[in-house]
Amino acid sequence: MRPSGRQPDALRQISLEPGFSKHAEGSCLVRFGDTHVLCTASVDDRVPPFLRHTGLGWVTAEYGMLPRSTNTRTDREAAKGKQSGRTQEIQRLIGRSLRAVTHRQGMGELQIKVDCDVIQADGGTRTAAITGSYVALHLAFQHLVKIGKLKAVPLTDSVAGISAGIFQGAAVLDLDYAEDSTAQADTNFVLTGSGGIVEVQGTAEEKPFSQEQFLELLALAQKGIAELTALQKAALGL
Amino acid sequence: MRPSGRQPDALRQISLEPGFSKHAEGSCLVRFGDTHVLCTASVDDRVPPFLRHTGLGWVTAEYGMLPRSTNTRTDREAAKGKQSGRTQEIQRLIGRSLRAVTHRQGMGELQIKVDCDVIQADGGTRTAAITGSYVALHLAFQHLVKIGKLKAVPLTDSVAGISAGIFQGAAVLDLDYAEDSTAQADTNFVLTGSGGIVEVQGTAEEKPFSQEQFLELLALAQKGIAELTALQKAALGL
Amino acid sequence: MRPSGRQPDALRQISLEPGFSKHAEGSCLVRFGDTHVLCTASVDDRVPPFLRHTGLGWVTAEYGMLPRSTNTRTDREAAKGKQSGRTQEIQRLIGRSLRAVTHRQGMGELQIKVDCDVIQADGGTRTAAITGSYVALHLAFQHLVKIGKLKAVPLTDSVAGISAGIFQGAAVLDLDYAEDSTAQADTNFVLTGSGGIVEVQGTAEEKPFSQEQFLELLALAQKGIAELTALQKAALGL
Amino acid sequence: MRPSGRQPDALRQISLEPGFSKHAEGSCLVRFGDTHVLCTASVDDRVPPFLRHTGLGWVTAEYGMLPRSTNTRTDREAAKGKQSGRTQEIQRLIGRSLRAVTHRQGMGELQIKVDCDVIQADGGTRTAAITGSYVALHLAFQHLVKIGKLKAVPLTDSVAGISAGIFQGAAVLDLDYAEDSTAQADTNFVLTGSGGIVEVQGTAEEKPFSQEQFLELLALAQKGIAELTALQKAALGL
Amino acid sequence: MRPSGRQPDALRQISLEPGFSKHAEGSCLVRFGDTHVLCTASVDDRVPPFLRHTGLGWVTAEYGMLPRSTNTRTDREAAKGKQSGRTQEIQRLIGRSLRAVTHRQGMGELQIKVDCDVIQADGGTRTAAITGSYVALHLAFQHLVKIGKLKAVPLTDSVAGISAGIFQGAAVLDLDYAEDSTAQADTNFVLTGSGGIVEVQGTAEEKPFSQEQFLELLALAQKGIAELTALQKAALGL
Amino acid sequence: MRPSGRQPDALRQISLEPGFSKHAEGSCLVRFGDTHVLCTASVDDRVPPFLRHTGLGWVTAEYGMLPRSTNTRTDREAAKGKQSGRTQEIQRLIGRSLRAVTHRQGMGELQIKVDCDVIQADGGTRTAAITGSYVALHLAFQHLVKIGKLKAVPLTDSVAGISAGIFQGAAVLDLDYAEDSTAQADTNFVLTGSGGIVEVQGTAEEKPFSQEQFLELLALAQKGIAELTALQKAALGL
């Protein structure tokens, strides 16, 4: 039995609120249950130095948590003077995931910086962030099309993220904090709308898991991503 | 004529949304027009070293802006590895303002850390933060009373902040970004509910201002604080 | 009764020693009683990036305290690897104060960096620093006129700083450390030679103060600044 | 055809040189072809604060590359003043992998710090590091048994890491730099000697990959880990 | 011919002004010509952790330069967020030099922190700092004797520093900046009052020097230290 | 009697292994007994800013120790976020020593960065690093000659480093850790192949030493350097 009473293959209540931010070219407030992440996509005319004069664009991401987004207060990274290993790992993952569906020749020499800031955390912040970031990124590209900077939205597919894990011996989808903190295995899947695998990260927390268990988690993730993909389309009015 | 069409002595639309955060002991989302700041108050059992064994409590504040809370994206302080002088100045101001109405003997050796995170900025973030922080702090103290850790809320008065400035030659209240960025003088007032002055910060941006102008600004601020005080009371159900 | 025996409206013994430094284009050792601050003004041919090709100059300030300028040793900021919030707040204040009387078009694209280093501290270091910095800045501009880089000293007025506060219930001028550390209210005023207000910073340390008290402090400050202005003129031989 | 001429399922030449270091309680120089990593395991009597008085031990890892271990010189992280996101991600992975086979109750309140320093890099440094670290960790535990601090080596299984990827359309095992830098997909597997999955990390570099491709890579990894496990046993004389 | 017109074996004009600082337990403003260094010695009741419960004291030093102590402005280390290699090298040298004449058992578990801050630089700041620090340290120990914390000044000898170098082919004593910046060889000697060698640091700037040249420099240094020792005694009234 | 049983004037067993690194333009693994240092020389087309358009080249060095190169584990500098004063002092010494024998006009505007990483430490790491770095630097210059970037190796002499000290009252050559940690005096000499002095650094650890003792140490160093010079020539096949 899951703490939330959900079925093993049930997502939490998901909402995607596009255009949340007044200033950003693209934005989306994403909610996976009590996990709320604000994703903004900002257009920058300059690409990183290694891309100058290549005709290629770049998409990158930064991630942060508000200090009291968590159950007990977490020290502010700006005050500590550095980002934790966890933060860096997550923002690298978000950036890679978005680039995997971006046609970088089609962007021209532009950079999109996606900021994912966790307003409230209840497990699964990285997968929520990837799911919401795709919407924000799409909106920023739409904006660039609208103002004539791009001819078409340079995205080759959609992308979303979801977790699956082994909780009390059973495979479950979209773990919340109560599950995540005691799960035997925790995996994060980033899949495209058409079902391709972009990223897989699985970690055995207590004891190793088997190939069969892994495949069961993957099947759950595929189901979850299909639902998220539909919600992304709806949010974007596609 | 103000860009927003407001009267010189008119505040923007103000809202105070108490209990916004699931996790924090006290919280308030404060909106001064398009300026939105999330204030959370977190209880910490440990006071700073210089207060151990004194019987006194402590209230401190930290301030941050989401990178795309601003019109053009601001670099993330956690990624740069340090907080700007402006950030430190603002968080010191918020902390002093809250301590000015706190009865620190009445807290016992507890610390409240107030986080003010700007979700969206349109001028006046520090005054909004002070105004919302007071509500969050009060709620955290109420929580401590409810669970029996404190006998009464150790606050001696309410406190709120408001800006006033000289814009196109005229004294105006509660500047938004369009006014703030071109004002001749910019002052921030932190006053108590009973009208006492807690903090005054005035800066001539272009040319010095006179004592008469300063008093005009103070009068505007007193009117604004009276309105904010009423809204704080309403939000706290007092 | 003030610890020093001074009258409520009496400054400490003030001295301004221009040309103290062998190397700097302008310099002044300023003493407010036992508070001694060395101010040097250094000419830099490069303006900050945001001013390139604007024809405008820039004046900025940095502030520091020698570790044993204080009663008990303060950790060296260079060894700790960062400047405190207090340091940043003070150096931002000094820079703003000097820019308020500088005709930046008249400078051309030059930058003056003013360093204020506290050799010995006994309260009021920021106001002493502003007062001495004006002399150092004027001397640096005189030097630029002398070598033909500028046609005239691009200063529109003089500027000086002084503190006033409420000590044992009475308004007093130019607080020393013994007063400052126990004052009920502490205000710093930066005024021009012609009496305009450039900066006002007032903080209630224990309990809020009233509008009447504030005006009393302002009157004291106006008297003090008039005396400092005369001393600045004398030091500059004007 | 692989640049090295290897068969798709062939490891590079592997060597494990236990006891390489004069000082460390356990050490191993591991070579995966031209990738050489020195792994040392150091015993520390103090566990991290969150484990004090729990009776549990801890195993942690740090990772670094010599500046010229790479084809072109990489800036020294100590000189830059921070570890890159990649470094932190790898050292967190190594630590988790080792803890997954450690019986932490059996260690008592001891900490083992494993340092993995890349002397020369040619792709696959993280998987070589995990494979060599297990040997160093085992030796450190043997040392603690020998001096009477532990009754038995508190390891529940062996652990090793290997990469597999899709290079020019084909699944290949143990990518070297020439393959890694142009691979379509890159996965790292950390498996136990008995075949359990400890960590899976897969990234599509160019285009998403399919579930079938993923299973093919897993099969290659299982074959590779079996060979590495045999070499680990031989190196440890088990 | 030396730029200053001095004889090869002539020191610059030296002055030692003990008790310069109002706050420090011991202090000395030392001048070697236009090189002015303020040395303060601060007593700290806590020794570094590695000395707790050993009965031994510690003497350590920190060094800094005011930004405009130099001919062209040097960036402030506190603003850059780290001390340069040169700064660290010099403060380590000063600390070792002072410890070489300190009877650390005789101090008990006390620490003296000596701060050497260069007010104005014209070459030879490290040797001036060592010479002045000895005076400040002696005064701090005298203070501890006076207040009954120590029975006697725990110094076994005096110590001073001087430079010698090869300038335009000739060996000269106590180089100023004009000489130092073009010298062929630059050596710093730290000797005790009784003539023992505490530190020798010699560097060939352009081409290696010979053993004979080195001995010539040592002889100059011995003459200079004898003069400095006499001045130290006079300053201390011994 | 020396702990190692060596004669007072005997070096440890020395080996120089040129070309140790697959990637670097020049490299050498140097062993002074159990002290092992990997030296690599990397060619960089860009000189530091202060040398642009001067026609002069630059040679610089960085130094590091693997955390468990030492008897007890030393914290990793990259993890601490800064290089210690000792590290900076040593790398500045290595850089100066190499530049003293480099004909910088003959290099053209190239930079060689030499990395000295201590794989295992047993005293004398800096002198081993200088000795091995010279070989690595020579090889990098040979490489530049071979590919036609330079006409000749721009080195004017060879350079090597050796320590000598006073151990149990006697002057001894090439101290290992057992001697170094208890020596009364510790000196490091950097001499050229033709006997010129490049650097001398002597420190009295316990009590000052005399001029006679110093000359005895210098004589030992001259003998040691002669042997090291012969080994360098052999390693370079000269």
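Per-chain residue numbering starts at 1, and chain names A, B, C, D, E and F are given in the order in which the chains are listed.
Note that a contact is a pair of C-beta atoms (placed from the backbone, for glycine too) under 8 Å apart; a residue touches a chain by one contact, two chains touch by 3 or more.
Please read all numbers here as calculations on a predicted model, not as lab measurements.
Considering every other chain in turn, none proves to be in contact with both subunit B and subunit F.
The set of chains in contact with subunit B as well as subunit E comprises C. The fewest steps needed to get from subunit D to subunit E, moving only between touching chains, is 2. Of all the chains, the one whose CA centre sits at the greatest distance from that of subunit D is C.
Legend: contact pairs of D-F compared by residue number with A-D, B-C or C-E; the interface matching in over half of them is C-E. Note: Cα superposition of subunit D onto subunit F, rotation of 180 degrees, nearest 5. Chain centres here are Cα averages; for subunit A and subunit B they lie 33 Å apart. Separating the centre of subunit A from that of subunit E, both taken as means of CA atoms, is a distance of 59 Å. Our note on geometry: subunit E versus subunit F, Cα centroid distance of 28 Å, whole angstroms.
Residue positions of subunit A touching 2 or more other chains, listed in rising order: 81-82. Touching chains close into a ring; read starting at subunit B and passing to subunit C, it gives B, C, E, F, D, A.
Taken together, the subunit A residues at the contact with subunit B in this complex read 21-24, 27, 34, 38, 40, 42, 44, 62, 64, 66-73, 76-79, 81-83, 87, 113, 115, 117, 119-120, 122.
Residues 82, 84-86, 88-89, 91-92, 96, 100, 157, 187, 191-192, 194-204, 207-211, 214, 218 of subunit A are the ones touching subunit D in the complex.
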